[in-house]
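Same chain, two partners: chain A is paired with chain B first, then with chain C.
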Partner chain A sequence: MGKIKKALLSKQMVIAYWVLGLVVIWEILAVIIEHTKRTPENVLPHLHQIAQSIFSKDLVNMDQTALQIVLSNTGITLQRAGIGFLIGIAVGYLLALIMNMFSWAEKVVFPYLMIIQMIPILGMAPIVLAMTKDINKSRIVIAALLTFYPVATNTLAGFKSVMKEKHELMYSMAAKKSDVYKKLLIPASMPYFFTGLKISAPMAITASILVDTLQGGGGLGCMLSQSLKHAMTIYVFWQIVFLSAIIGIASYYLMSVIEKLISPYKKVGR
Partner chain B sequence: MAAATSITKEYQKFTPMENETDTEIKIEDLWVKFPDKNGGEPVTALQNINMDIKQGEFVSLVGPSGCGKTTLLRTIADLQPPSTGNISVRGKTPREIRLQKKYGIVFQNPVLYEWRTVRRNVCMPMELMGLPKKYRTARVTEMLEMVGLYNFGKLYPHELSGGMQQRVGIARALAIKPEILLMDEPFSALDEFTKEKLHEDLQTIWSKTNKTILFVTHNIQEAVFLSDRVIVMSPHPGRISAIVDIDLPRPRTLATRDTTEFNALVSKVRNSFEGV
Partner chain C sequence: MEIEKLQDRTNVEKLTTVLYPVLFGIFIAVLWQTQILHKILGTDTFTLPLPGRIISIIGDNHATILKNVGATLIVALGGLTAGSLFGYLLGIISTAFPKWGAGGLTVVSAFNAVPIIAIAPILNNLTKDFSKDANTRSMLAKMLVVMITCTVAMSINAYRGLTELKPFSLDLMQSFAASKLEIFFKLRVPNSVPYIFTALRVSVPACVISALVSEYFAEYIIGVGRQIRENIVLAQYATAWAYIFVACAIGIIMYLILLTLEGILLKGRR
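Then we have the complex of A and B:
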């Protein structure tokens, strides 16, 4: 009996329960909404309908199928999110270095970081758009804004996590300050830095999609809002929702893979 | 100002009156006081320390916690400034000796860089000194052979046992050919069997390299087994309460621990503590 219980509570089974539960709830809601039917299409289609729509050859606008619309708009969003992400990493890392080198900088800069981070992205997006007057630039700026804070704070925490003895060893070997960073602080903070990246990568993508919704001109978010407003089929909406979720998760795993590639040692539980 | 004082002392040292050319570390009337956290009277960690350590000598500082033995080692290592008094190492200040990279330090915790392999850990101090790569590689091999870890060079620290990690630390400290090896309870976290093995190994390394070793421990047997001299320290305030010469023949082995002479010296050290 213990074995059965163990098998039923294994990690894979828990995931299976979770997926099953989601499917059941989804389908119940889909049925309920189907019966209320006030709109031309069921806003919450059955899962098999969404799956079908992915492979459907029907054109939903002039010359594209639902899937073609989704994929052709993914590129533009991801590219801007990616550029913003890289800028955010650079700015965040630089801030972490400066805050670690000068304690006054930490005192001065940190409250501002907190404030920027506390402004809801929904409120910030229109302001950034108004300031840059360009949807592409806004996507980049917002993705960068969301990225730099987790990178800066986590990297700074990484610098500070270095044990006193490791510093003392460097001191006893009369190491130059640049060597202390190059050979101790930067490598030691890598796991923390990557924690920051894993938090911010999906956020940068989400933010970029959100900025799309503010204005026409393409991008996943733009299609998302058009689809929801019945300018085109609702299946585009759901395809984008699932695709965004997959991209978000994939971006997280991409960061893990890069981390494993550049730090081959296994992490020590300390 | 500290440098000026030390030059004066150095001058005095070479007057014909004294013959101390082989003195490595000279400590005169050293006091270390720590400010009290609650703003009260400063706490005296070390009171009136006077001692000489000869070149090539193995000296242990032994005592219970709070006796200031680690503080004394840290003061010599230039990790802790003295409040008053003077330390001269080969006629120079601890800072000058540190900047010349003449200290090798081994802590209780091995303090290895977990993102570097064993080889690259041993290599680190030589990288900091900017030594050529070819020399570094050869020296790392030599050091790993000496501590018996040649076959483990490509592993990462967490793949090694505690004893092996500490050996890496010793290899790293010795790689830059320091004049003085400062060891702060390096074996206290290891099991008894590993410890006894490392005691013999350290003895061998010491006799091969002819370094001056200052070894901090709270383990009396360890101190007696390893040292030429044991400096017994007592707490509150930290002070030297006795200096015991250990004249056991070398090389010392496991059998040495069973001799009456060894045990008599252990008792002598134990009875030298004050106010514990």
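Then we have the complex of A and C:
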């Protein structure tokens, strides 16, 4: 008996109960809305209705079902978010390295790194689109912009976190500067670097979806706004809502998995 | 002599810390005003107007701009307050029932990765019946979006602040036969104050950004974020840039206010 009780109250189960609770709340709201609204599926459909639309074989436009539309556009969005994300990582990491090597560079750039965090870059999406004149390019630029500063600030914090004694040890062993970076600073900065990645991965995806809504040309955001304008079935919208939530959460966990693969011995207490 | 030299050096350090970024800022401004920046980015003065022109537009339209700033501020601050209070409440509940609370917070933190874009349209539809006035009901929808983003940061940090106490402090309170309520008000709440500011450092910039983005999807056309978009659709890039300037200023000023408050309230605690 005790074992069953323990299993039922384990951490995973507690999370499962919470999810179940949210589902119940959703369904209660859905029932209320079903009886009060004329078009309940626009406001809050039942979860099973959304699930049904995922498996339905009805064509939504010329030749695709709702799920096919959503998935093919997810590919477009993710690809652009991914490219921007990678560029942002590279730029952010390089910037952190340069700032750590040259103190004047840190002095010049660091205040602006702080300021840029307060600038609503997503609000600037339309203007980037106007400047690059190409929706694909602007998607990449925005995703990269949103990625680079969490990576840069967190990595720099990682470089700075190395204890003075370790520097002194390296110095006493007459280690070359490249060795200090290779063997001490870069490994030490890894947990911080991944903290930056975990912050920026969902942001890059949000950015990419938002830029989609600004113009046609495919992508999740584009389908989302078309579906909201009733150019196609509203269930495309609901599928996208759930899918984007799943992608956002998955991107966070993907970074944790990569972190564990790269540095399996470091337990990060952050 | 030696001490004087050292003092000189710290003075030089202090001076360059301020001087370098300011020089860099002036350098960029000069590049911008002389249109060299336009050549680097490959744009023209139509899409990226000169700083002087942007400032003169802000001066000319200050009445309209202030109205929109007001709308955005109400949304951002209202959402920030509601979200932080609710988040702190969640933190308290989780502290009272740690077994259930920790799992609940895991679920809440998953919301962090859900793109705002997916939440905003749902809340728009849900709040349709709230008021006859389009401005009021879309204000509520926007505020709820901001609230969700701010709740997450606060609940996690509040929980940490209320539970990660100094070693043996809890034992000390218990040895004084302090009641649970006394422990809560005299130990846990004061302990959580720095954590509240950690949360606010995340949620203050986030509340501005999510206010701007939720305006994109709102029914009623008002707010700084919406004006950026509307003016771009009309190809009024200079006006859009004026609103971007204003949006950045809002973010930076709110963050500075937070830092000042933190400096006053946490004096001697760090």
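By definition in this document, the second predicted complex is superposed on the first by the 248 of 270 C-alpha atoms of A that agree within 3 Å, B and C clash if a C-alpha of one lies under 4 Å from a C-alpha of the other, contacts with A are read in each partner's own complex, and residues count from 1 in each chain.
Assume contacts are C-beta pairs under 8 Å (C-beta built on N, C-alpha and C of every residue); 3 or more make two chains touch, one makes a residue touch a chain.
All of these numbers come straight from a predicted model, not from anything done at the bench.
Engineer: Of the partners chain B and chain C, which touch A:263 in the superposed model: first, second, both, neither?
Structural biologist: first
Engineer: Between chain B and chain C, whom does A:195 touch in the aligned arrangement: first, second, both, or neither?
Structural biologist: A:195: touches no partner chain.
Engineer: With both complexes superposed on chain A, which partner does A:44 reach: first (chain B), second (chain C), both or neither?
Structural biologist: In the superposed model, A:44 contacts chain C only, not chain B.
Engineer: Just to be sure I read the superposition right, which of the two partners does A:244 touch: chain B = first, chain C = second, or both, or neither?
Structural biologist: A:244: touches chain C, not chain B.
Engineer: May I ask you to decide whether A:74 touches chain B, chain C, both, or neither, giving the answer as first, second, both or neither?
Structural biologist: Touch status of A:74: no partner.
Engineer: Among the partners chain B and chain C, which is in contact with a greater number of residues of chain A?
Structural biologist: Between chain B and chain C, the winner on chain A residue contacts is C.
Engineer: Determine, under the contact definition given at the top, whether A:187 touches first (chain B), second (chain C), both, or neither.
Structural biologist: In the superposition, A:187 contacts chain B only.
Engineer: Same chain A residues contacting chain B and chain C, which ones?
Structural biologist: Common to the two interfaces on chain A: nothing.
Engineer: Which residues of chain A touch chain B once you look at their complex with the stated criterion?
Structural biologist: Against chain B, chain A makes touches at 163, 165-166, 168-176, 179, 183-184, 187-188, 190, 263, 265-266, 268.
Engineer: Which chain A residues qualify as touching chain C in the complex?
Structural biologist: Touch list, chain A to chain C: 9, 11, 14-15, 17-19, 22, 36, 42-44, 104, 107-112, 115, 117-124, 126-127, 129-131, 202, 205-206, 209-210, 213-214, 221, 224, 228, 237, 240-241, 244-245, 248-249, 251-252.
Engineer: Which residues, counting only chain B, touch chain A once they are in their complex?
Structural biologist: Spelled out, the residues of chain B in touch with chain A are 77-79, 98-101, 103, 105, 107, 109, 111, 113-116, 124-125, 127-129, 156-158, 176.
Engineer: Please output the residues of chain C touching chain A within their complex, sorted ascending.
Structural biologist: By the definition above, chain C touches chain A via 16-17, 20-21, 23-25, 41, 43, 47-48, 99-100, 102-104, 106-107, 110, 112-118, 121-122, 125-126, 128-129, 205, 208-209, 212-213, 216, 224-225, 228-229, 232, 237, 240-241, 244, 247-248, 251-252, 254-255.
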